[in-house]
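What follows is a set of structures to go through.
Okay, so chain A shows up in both of these, paired with chain B first and chain C after.
What follows is the complex of A and B.
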């Protein structure tokens, strides 16, 4: 027991002494009634013990010494025996305590013995110790008699002792301090004994050898302790004392409560204890689990603490995207793919669900599958596989309708989510920034309090420093702005160059797409891998190198970094957009080609069918027997929808691949090289030129946005796209998290995340709009293929709605619908909406203007106030100085003092006036 | 530890803390277990060294100031009540709290109190004014030796010039509030406490 913890027990003893003595007396009285015979003896013992204890103060040291000597002697002899007993004991105890307690038990037993010896020695005169040790086992055998007596004594003793234990300790501390002066050895021993003593009274009540009465008493003691624990909350003690008492009492209760009662009760108790513990643990785990359920929360937090909030904002954006894609995936998977796979006609039953004969040989080749051909093409993954059967399965699931609605719902949901998020962000970001407190903000709000990593902290220091430096520079730049013509010229030049770049890349893509169409007409098999994947590769390469080019060009412009970053983002956006649109235009061309092809094939098929029927008809006469043709042999159209879906899937896959590969090469390999080549290189690679890469937040966000745009565009024709995207995002989450933590260094200039978030969202919205435009265009204007997809045989895809209205709804509903969709109704409605939008727009504009006006007014007022105040303060200061001057001069010429006094008084008065 | 947390916190105490700080019951017990795990001396109070062990605070240039904010003036121990009172500044403002202004006392997590907390971080000598010297000290903590003293001085001057409206060359709390008027303090000075 640590010594300093003895101190608070003074108080406890006082408390206990107030309450417990008569309780103790009560018990002892009860004891008297029950076993009066032993009463005297016991009392003697108690008193003797007490005497002994109190004697420690004066001559007790000697006594203690004697005891210790005896103990030492005994220890040698009794070790074996004691250990045996100890083991016997601790079987009764809880398992966990086993290893810890054995040693102590042995000790305490020894101590116990020695104490017994002492007492008996005092009572019955000097007895040989060897006799004593021999007696001990005998007594044990005579369970009913001497052992019981002793045990009972001890049990009672224990109760008394409990109340007195504190007192004892008190005296002990005194003794201890006394001993301390004698020698350090002694103090150590006293310590040990102290410990032993504490164990001692606990071990006196070993349950194995206790009679029911003792058990009762022990129970009472335990109850008392329990009560103490219960009432501990209410006690007006210091927390330190409470903690100590609690710890002790809990130990006590834990020790004995389990040992009390019969085996069944004990088990029940143990069970209860374990269950409560388990329950607590479970609750805690559950809380942790709930946090862990927020996907990647811990990962993102870790990254945040290493790289600041800007990089984390990318990952949060990624997670948000992942969530949206999950829902899109759920929609398409649950309402389109699964029903078709489960309830639709199985593979091979109709031509559109079968690989054609000519492709059968290579349909399972990996290269073909990778290219989304073969079996992949004729599966639920693509538009062409779906049948135009109105209702499928026993559920009468309206497949075409579901397909159409899911397509529309995907887009509608995305719009809703993006706009809602934007509105929320706009609310948060407030009115917009105000540069009037630039330095103050830098001063008061620049530290990122989530940083917990020294390296990041260093970087943050650096970034704060640079931001301050930047701010100083900006201030200087604001004051002098020379050579404006040169910078203007450079900016125009830079923009020109960028435009050239954009136009060039656009043309390149267009050219490549055209070429690939030619290749496709020739048949893909005759061409090399490069020629087949040319479009995707070119697009990815452009996406990789053009931003670098822009970066170089933007150094010409000499913009402020924040502005430069936005320009950069805008240009990359334009590049990607241009690429995407060239891609779409090329696709449209291809669609037209396919449709021409389709017309020819359609004609051929009718010819082929009529030939077939004519042939069979002539053979069999009037009875037309069913002609069995393998569905694989039926000629079929080119199915442009599947082609579009395939293109998008290919694009996504190649894009994903390039992203991952650039990540591996650009970040990982570079980091490895920099790290390990640094040992044998002529300059410092880590600090010098290649260095480690930084995490490019803006580029990554843009990549994510465009990827999403492609998903939105292609999802209608390839229901597997959301699934693919979910997979991609999932992998890139882990991969990028790993890459960031493993091979990137935090940015020097931290991109402010909170403000740019809406910028990303706005881009996402633009992309969403631009990507749904072509999709809707194709859905609305181009008639679906005649022999594939859920809308085959219809004139337009949206005819499915009308069909449903006519056949599945009551007639009045369709009538109402027809009236509602009457242009006479729709046009005024649209007009009304436009008017409303115009009205809201103009009011918000006027509010904004009023806001700006008010702000200006406030600012000028502020400045004026400041000026006024400053002037007043200056004046007051001057006056004060003057007054002081005057006052300091005053004592010298005494005769004039009155006058000066008067002067200074008036000055101070003035000062006060100006101040007030 | 969990059992300790539940046995040592009196229900009334929890209720009081709840009333004072607005934390929920489970948040209080959870924070209490955090408190005890920080409490290496196991004496029911936290010392400065206990706080220094938190890496985020150890690194933070203003860490000492933040730790200081936990301790009442002249004391170097903080008990659980004090700990919770300080943490309450960082409790997010909930939607239903925004509306009920009728409450007599301002909750600890109100905007003004959050700002006051931040203000105290910079007000080293507790005279309710941030002087140029105090700014310089804080700046030195934040940027180290990377910027010359002269430049730091000019930054401090600029800061005061921006914020100071009454011409006393120091920033009072009211001026501080005005400076951070546009900053989303409610959100930035909030910690998402686990329930």
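What follows is the complex of A and C.
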């Protein structure tokens, strides 16, 4: 029977209860602990069951002598009854009657069991027989009492019947559900013997199936249990209680879930149940799998326990970045690099895919490759290699379109992820901005439970103590600066110095880039290594030393450490940004130079071609054979896109190198020196001046953010950048984990991680925006090179969209698109968006105001409540005193006061109780 | 896989997963952590629910708890006997509540219990003083301690009974920006 196979658990549990009433009773004992409502139900069940049994029992005795089909029906009822009793008699277990019942139960059971044994042989035979032998003597003894008992039960039942009709219905439900289950089981048993009979029997059972309301009730109960199971882990109970509740509710659900499907949709329901179960299991497995897939969990945990949550937050951020870069890498690799490498024309087939003759000799040199020249330049790694063929390979893969869309897609995806993460962070940190619980928060949330290292713990203790002292000082008097003018002057001076630094570094970079262009024009071979790598080195060195300078300058300002940190971060941010933008402006200059160059070369090429044509034409005379020119010999333009890509790759590589080298020198060598020179030095190196370095969370995060900005900027022109970045992040994860564990000491000033999280995210967003700006600018305004890259020959890069629209989509589509993109439609649309933004902003503002208002209201209400409670407490006390005088009326006033309290606030109830 | 099966039955593992915020792997890892504390006491077979308790001295010596000023309270709150001796169930329970996945309300409830040193369901002044002294290693003067405690009660006590009830505590802690990030132990 398909139905049976769908509800296997029902059968199993029933079988259990059938074969061993003891077990059933055990279960019912456990059931006692269930909620009261359910218990009540059960009581009623017992009473109704008794009546049923009165009829059935006789049948049980005569069982062997009756016709087969009748026998079967009755047996079913018996089993139901047996089940019911096994479950429900827990209340009067001590009673004598109870023992009689069980005896009877065993007897009726025996009938079935003996049959089963005869029919099916072994299976559960042993167990049943054991029970049987136990029950046999009892049964014989008690048989005489059965009639008396029946009468008793009848009377009882009639008494209760009228008052408890509703509950009775419930019990019926259960009985019948049980019946149905039995029926399905039974039919399975005998279905070889007589199918007609079985159908007959089913028809008999069906009519007395559940009414819809009862079904609903049961369904609700089951749903409730399910919900309970779901939310169990969030309950503040001890594990024992949780396990117990879990087991009970699971049993409940299992027992009645199958019974629920009595009505028409039974099969569907059973199917649904099974599927939800499977789905849950799958979800759980998937969850397990997912957590197993998160890398570096243990590493981060270790760092967390050594350095607290703030250092760990950097590594979590790093991991998050890694994830994003993995996806960016997957996009570019899967949709751009691999298709071009597999399906595009092979290397050497056309000029843009070949190393030119002049460079061929040095193309494989490591220095050249390291500089992204030679074979590296003419490979899928850079923009210039890609062909402008519209569709490539047997897949007819639209290469230029894919290139463009991936470029746009990576940026769009990054925006989406960053903004979504920001929103989630904002949700989590939520309303934490008001200062009304300053001391309480300090008291209850300042200890970082993650800390598992004595040194960190010491630092934490110290920082907590100082923070408390500071707060106390602030509380006692809002600190007055004794020399306001001096500090003001110093702060202005500091900012001036910082501005000078920024301007100087900007100029230096501009100068260096221009100089490098001059060198490039001269030819790189004539220059030293330093002159060739000047730009990157200068940028990296500036990034390394300027922050230190800022740190020194910021000591002038005498800010609170947290404010000082923010200033410091802001300045480093400005420095990096300034450097990056000067670099870009210099690049723009270079692009313009290259484009001039390109014009000349374009002209030269036409000349060259015509020369070639004329020359060959004159040689060959009449027969014009196809001229074969090696693609390496064809003159070509300077391809500014590849140049930009190369610059970015070089920048990333040198940046990575400096990071690693600083790590090694600044942290490792320093740590080694401090550790070993300490034995023979005149002062204590470990405690004194050089000491071990701290892990600089903010600096590292900033470095990471800027690195990412460069990736976003350059990824369009060098598809290999995300791959490079993935590699870099992977290595730095291990390297930094090692470095931090081996040569850093925990921070002395521990800042809170959670609040700065969104600060970093905001910086990332700003960087993302600023880095997409120049990329978009170049894509939109500068025409692509004429002889390299997927967009060669087009006027603008985004023309590829229009081309696709025209040739790949039906004509009406492009028409619609053209209509949609005309200014008459776009302008109103933009207007609409602006309006929407304005509207949303104003609503959010008003919400914020409402929030503030509500907060105020809450506060005043709290104060009012405080007053009220005071009064109430006083009143209650008075009442109580009065009440104590009049001893007989003692409970009354107390009740009054309690009621009053209940009206005002439930909290006060407790206080009064304790007062009394 | 083989030895996994012998420690817990699948049902047990499922039940534990229903009752805690852990995955199967984490539960097993926690079990091994638990067992490593006293390999001679803890059997490798938990299918028959052996009654094993580890004394507080062992629990408190875990690196995760060792440096925590509230370790004794944590152990007491989560142990069934209230004295810090933990069964495996208590152990799992503890780290489940302290895990990252546990919701704020649950954490707040247990945090309240932890800071309620005398188990009277209120955080009163003596509890606050104890907390503060543990946090600062007795480095604040008496006056300072008194002042801070007064401030705390002044801020968070809504019903003005001079001590913090669970409601007061939850009301206060729900707004705390750092509570979730600091009140968890990764294991």
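For the reader, a short list of remarks on this structure follows.
In this section, the second predicted complex is superposed on the first by the 539 of 916 C-alpha atoms of A that agree within 3 Å, B and C clash if a C-alpha of one lies under 4 Å from a C-alpha of the other, contacts with A are read in each partner's own complex, and residues count from 1 in each chain.
Everything that follows uses one rule, which is that a residue touches a chain if its C-beta (ideal position, glycine included) is under 8 Å from a C-beta of that chain, and two chains touch if they have at least 3 such contacts.
Note that this is a predicted model, so its numbers are computed, not measured.
Touch criterion not met for A:682: it reaches neither chain B nor chain C. Contact with chain C, but none with chain B, is seen for A:292 once the two complexes are overlaid on the shared chain.
Once chain A of one complex is fitted onto chain A of the other, the partner contacts of A:484 are absent, as it touches neither chain B nor chain C. Contacts of A:304 after superposition: chain C is touched, whereas chain B is not reached.
Residues 229, 232-234, 238-240, 242-243, 246, 284, 287, 291, 305, 428, 430-431, 434, 436-441, 443-447, 449-454, 457, 461, 464-465, 468-469, 471-472, 475, 754, 862, 865-866, 869-870 of chain A contact both chain B in one complex and chain C in the other.
Considering their complex, residues 229, 232-236, 238-240, 242-243, 246-247, 284, 287-288, 291-292, 301, 304-305, 309, 428-432, 434, 436-441, 443-454, 456-457, 461, 464-465, 468-469, 471-472, 475, 752-755, 862, 865-866, 869-870, 905-908, 910-911 of chain A touch chain C. Residues 2-4, 7-11, 13, 26, 30, 42-45, 55-56, 59-62, 79-80, 118, 122, 135, 138-139, 142-144, 146-147, 151, 154-155, 158-159, 162-168, 176, 179-180, 182-184, 187-188, 194-195 of chain B are the ones that touch chain A when the two sit in their complex. Contact residues of chain A toward chain B in the complex are 229, 232-234, 238-240, 242-243, 246, 250, 277, 280-281, 284, 287, 291, 305, 428, 430-431, 433-434, 436-441, 443-447, 449-454, 457, 461-462, 464-465, 468-469, 471-472, 475, 754, 862, 865-866, 869-870, 872-873. Residue ranges of chain C in contact with chain A, taken from their complex: 15, 17-21, 23-26, 63-70, 80, 87, 89-90, 92-93, 96, 98, 102-103, 105-106, 109-111, 115, 128, 131-132, 135-137, 139-140, 144, 147-148, 151-152, 155-156, 158-161, 165, 167-169, 172-173, 175-187.
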